[in-house]
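What follows is a group of structures, each given as structure tokens.
The following pair of complexes shares a single chain, subunit A, combined with subunit B in the former and subunit C in the latter.
Here is the complex of A and B:
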């Protein structure tokens, strides 16, 4: 999505285009600007105000004071760290599992369609519903499947959400997002040139060599795309945390989205929540640009190697 | 050196398997692959089967076979529709209808708005186009939508739109990915195709209906899927904007139900099953288009 400026030459002489161009773009574009840009600008504005909805009469402009306030809150760093931990571990785990499953599904076997459909299912289940299922079916410390498994093995029944809250959030999110990675990478594998593979096999490359030098470079663009899109979604997951842990215990699983939600809609501090929102937007952009940079550099090394 | 490729078996012609000089390896690799696949399926399917079976079980028996675990937990041995009947008596059907209505409205209205914007970006030259494209599409894409919920909430509130359909619907219509899809599609239609029809005396409406529409099926399906899933899965916004009972969507209903009647396990699971089945039935036949939509955005 980088060639934003690469547009077609203008079709000035077509009177279809000419008759439309005067009025058609305007309302659609204006609407898009209104719904996408106004919230950003307004967030910036609110972040410069002292404004708590519980004390609306004290609302006033106060400059950048909210920003040092947010930064000096020790919880804020926990929240940033949590967001990064969740995002990085989910993306890494889904990438590995996604590649593995895509390679397995790229073989021919009986019932392939059914298996693929089954493996996609978690991605199609609403996030809160997945969280409800995991919380009650698997993680329930009294009757859950994990408790049953632990009892069978003679272990102590684990209370996952209490003892390993972050791990639980990550597991549920990985369960949900692995099919996304798998689907995109499977599309990549299926577009692989068969002749290239055969040529490499005739030249005598082992499976790992084949994977390392032909499959992986070919998949790189698919991996890049899938990571980029997944990162954007995982950075702001909300439903799973809301249902599973409510950010707890304490702030152990509070990410930026959930922290902003608490600040704005439980403490009603719009000013500070907006400042957190600005930090979150900056973080999202940094993470995405870093990912792109790292992946691009890897690509450059691939060429020069 | 002879080559055996486990994951790429389909790329090998059938005879190469027979030529294999390492029969043990040739046997072990598919076996390992099948074990991994089966493990994957169990992890995915077991909780779903358990939940599905439990949703057809009387509430006091939901955990009877789960702990200690037996195979009976995966099948509804004491089959009953009690959970579903109670659930719909409580008005869960309304939440399903609300979610469906919202998702379909988003696809129709949002589809039209995003297509127009994509058309403008793809076919028109106007001042500030690149800047607008950069902010409306690229920047919006890089900012997770939930992070700007506060200003949107306050704006919607100041319009008096809390607990209204327009408050739920309008802020979610713009979808940068969908605009981008349409932009690519419209930019790639050859001008000659349109010019030829114009020379033959077709009106622009006719060009739209008989030339552009028929070739736009893939982009329409892909865009519709993206918007439908996006709206079907949205939770944060409906939770803020429409908490009133009559307006609740499925996700809000289920998440609030945990606290409210959390011990009615079979109803909670029955609700989850209904919520899961709709997108599964809808997406599975169209998954090809979905993948095309995602991969088509960044790979050319």
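Here is the complex of A and C:
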């Protein structure tokens, strides 16, 4: 009884808190609905209209006509293909480099802090600075560092952005995103149980066996998460392409983001750009669903194991 | 498990070489910013040169650089504060007062971060134009807050969950109010996490380009947009361009270097939980 009276004020207090705390997430939810979900619905609405900002008086509802228009445009196929090529090659390359660097950094050596600091820096730099730097100072066919290096070796000066545009875009993006992969995987390695490794070493496992059967399974969760996050970012890269190649030459490096930008803000076709935007959303959703399946399967295996 | 004596030093050397190669473009940018324009174009490229501050003077003070830097500062700080202000109460409730809908709310909030920016840029452009938000700091603060809010909720919720429940229970029995509990018990305990969260928000906002490029013109254009205008300035002003570019990335790079531990912690939130 005394117990109850003693806690009474607190209970009253928590009643008030209770009514209050239920509503704490509400401002965040309303804000996100207004800024992300409303535009999403509006995109869907715009995609059903014929609407070019250069001829606004001809704006009218026309149903799903924009979708077949987008799909029958041969450029759209190129754009989707470019998006997939950029995303897959960047993710694959950063994964390999990221694992390698994480393994190298997971040792003790002099100057480790400085080395890690140097390695994470490309991730901290804004994409437009990276792209401007690579485009001019490194890739410039006449005065760039790469051209100078080739000339000193007696080779022809390469025009990277003209002759290897896709490769150039991928290189710059890989340079930017390798630190991201490395940092996540390094944290994964550092959470690895050392006893387990020692036990395996005593059993006479070689380095490759060790990596294959102990390190890699442990890293799996980290790898999956890093791939998911990076894929979503790389699918919609824009700055590097805008600065380096402007999607060109022709449409050789136009990805979905850049293609929609051109449709909306160069040709001012709001209807068709919105329809393309819907395809971008669908693509991102496919990626997320694929990963959710992979993650679920991983969890199921852990339970049965 | 014997291995030759040279493997260890060999791997270390390899690490040094890769680190140097990765860092080299940045080092070269910094070096170029201290060269004269003539030295910047010299062949063969000059490693030793007479450094000058002239380009820095021109890049920073004889251009619009500082205006754009101020835009970036205002937008970055404003959006980080708004994202934290909206996200922390939500994360707090989602961590401590779970209801049937908590998981769903959390998943939905995170899923908004997976929305591709191009999927909403067209209506945002039209809405901003009609509401007079185009090329304003307010507009950009709203966009970047929405971009960072899912991250804030996700990270802060994890940090709140790390606070031992016994401490909260004890304080509640003592009759501490919600605000007191939050201010004097929870916040001090999650302060390092709050710092990591704010740092990631700052980096993402500072470096963002797509929204900034399409939703601003000149008045509110941040540094990332200003720098992109150098994309056609080929062959002319590399030293000045390098000085401007170095200045543009300087604050975030230094912050990232100093707070490496928090950065790693922030990036790994999802993997650890």
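What we mean here is this: the second predicted complex is superposed on the first by the 266 of 305 C-alpha atoms of A that agree within 3 Å, B and C clash if a C-alpha of one lies under 4 Å from a C-alpha of the other, contacts with A are read in each partner's own complex, and residues count from 1 in each chain.
Keep this in mind: a residue touches a chain if its C-beta (ideal position, glycine included) is under 8 Å from a C-beta of that chain, and two chains touch if they have at least 3 such contacts.
Since the model is a prediction, treat every value here as computed from it, not as a measurement.
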{"item": "Fit-or-clash call for subunit B and subunit C when the two complexes are aligned on subunit A", "value": "clash"}
{"item": "Which superposed partner A:215 touches (first subunit B, second subunit C, both, neither)", "value": "first"}
{"item": "Partner chain in contact with A:277 - subunit B first, subunit C second, else both or neither", "value": "both"}
{"item": "First, second, both or neither for A:268, with subunit B first and subunit C second", "value": "neither"}
{"item": "First, second, both or neither for A:164, with subunit B first and subunit C second", "value": "neither"}
{"item": "Partner chain(s) touched by A:194 [first = subunit B, second = subunit C, both, neither]", "value": "first"}
{"item": "Touching partner for A:142 - first (subunit B), second (subunit C), both, neither", "value": "both"}
{"item": "Residues of subunit A that lie at the interface with subunit B and also at the interface with subunit C", "value": "7, 10, 14, 17, 20-21, 24-25, 27-29, 31-32, 35-40, 42-43, 46, 101, 104-105, 107, 109, 115, 117-122, 124-129, 132-134, 136-138, 142-143, 145, 148, 151-152, 175, 183-184, 186-188, 201, 204, 206, 221-222, 225-226, 229, 232, 235-236, 238-239, 242-243, 256-257, 260-261, 264-265, 270, 273-274, 277, 280-281, 284-285, 288"}
{"item": "Residue ranges of subunit A in contact with subunit B within the complex", "value": "1, 4-5, 7-8, 10-12, 14-17, 19-21, 24-25, 27-29, 31-33, 35-40, 42-43, 46, 97, 100-101, 103-109, 115, 117-122, 124-129, 132-134, 136-138, 142-145, 147-149, 151-152, 175, 183-184, 186-189, 192, 194, 197-198, 201, 204-207, 210-211, 215, 221-222, 224-226, 228-229, 232-233, 235-236, 238-239, 242-243, 256-257, 260-261, 264-265, 270, 273-274, 277, 280-281, 284-285, 288"}
{"item": "Complex contact set, residues of subunit C against subunit A", "value": "1, 8, 11-12, 14-16, 18-20, 22-23, 25-26, 28-29, 32, 41, 43-45, 86-87, 89-90, 92-94, 96-97, 99, 105, 109, 111-112, 114-127, 142-143, 145-146, 149-150, 153, 172-175, 177-178, 203, 206-207, 209-210, 213-214, 223-225, 227-228, 230-231, 233-235, 238, 241-242, 245, 248-249, 252-253, 256-257, 260, 263-264, 267-268, 270-272"}
{"item": "Complex interface listing, subunit A residues touching subunit C", "value": "7, 9-10, 13-14, 17-18, 20-22, 24-25, 27-29, 31-32, 35-40, 42-43, 46, 101, 104-105, 107, 109-111, 115-138, 140, 142-143, 145, 148, 151-152, 175, 178-180, 183-184, 186-188, 191, 201, 204, 206, 221-222, 225-226, 229, 232, 235-236, 238-239, 242-244, 246, 256-257, 260-261, 264-265, 270, 273-274, 276-278, 280-281, 283-285, 288"}
{"item": "Complex interface listing, subunit B residues touching subunit A", "value": "1-12, 30, 33-34, 36-37, 40-41, 43-48, 50-51, 54, 63, 66-69, 113, 116-117, 119-126, 129-130, 132-155, 170-171, 173-174, 176, 179-180, 187, 191, 194-195, 198, 204, 207, 229, 232-233, 235-236, 239-240, 250-251, 254-255, 258, 265, 268-269, 272, 275-276, 279-280, 283-284, 287, 290-292, 294-295, 297-299"}
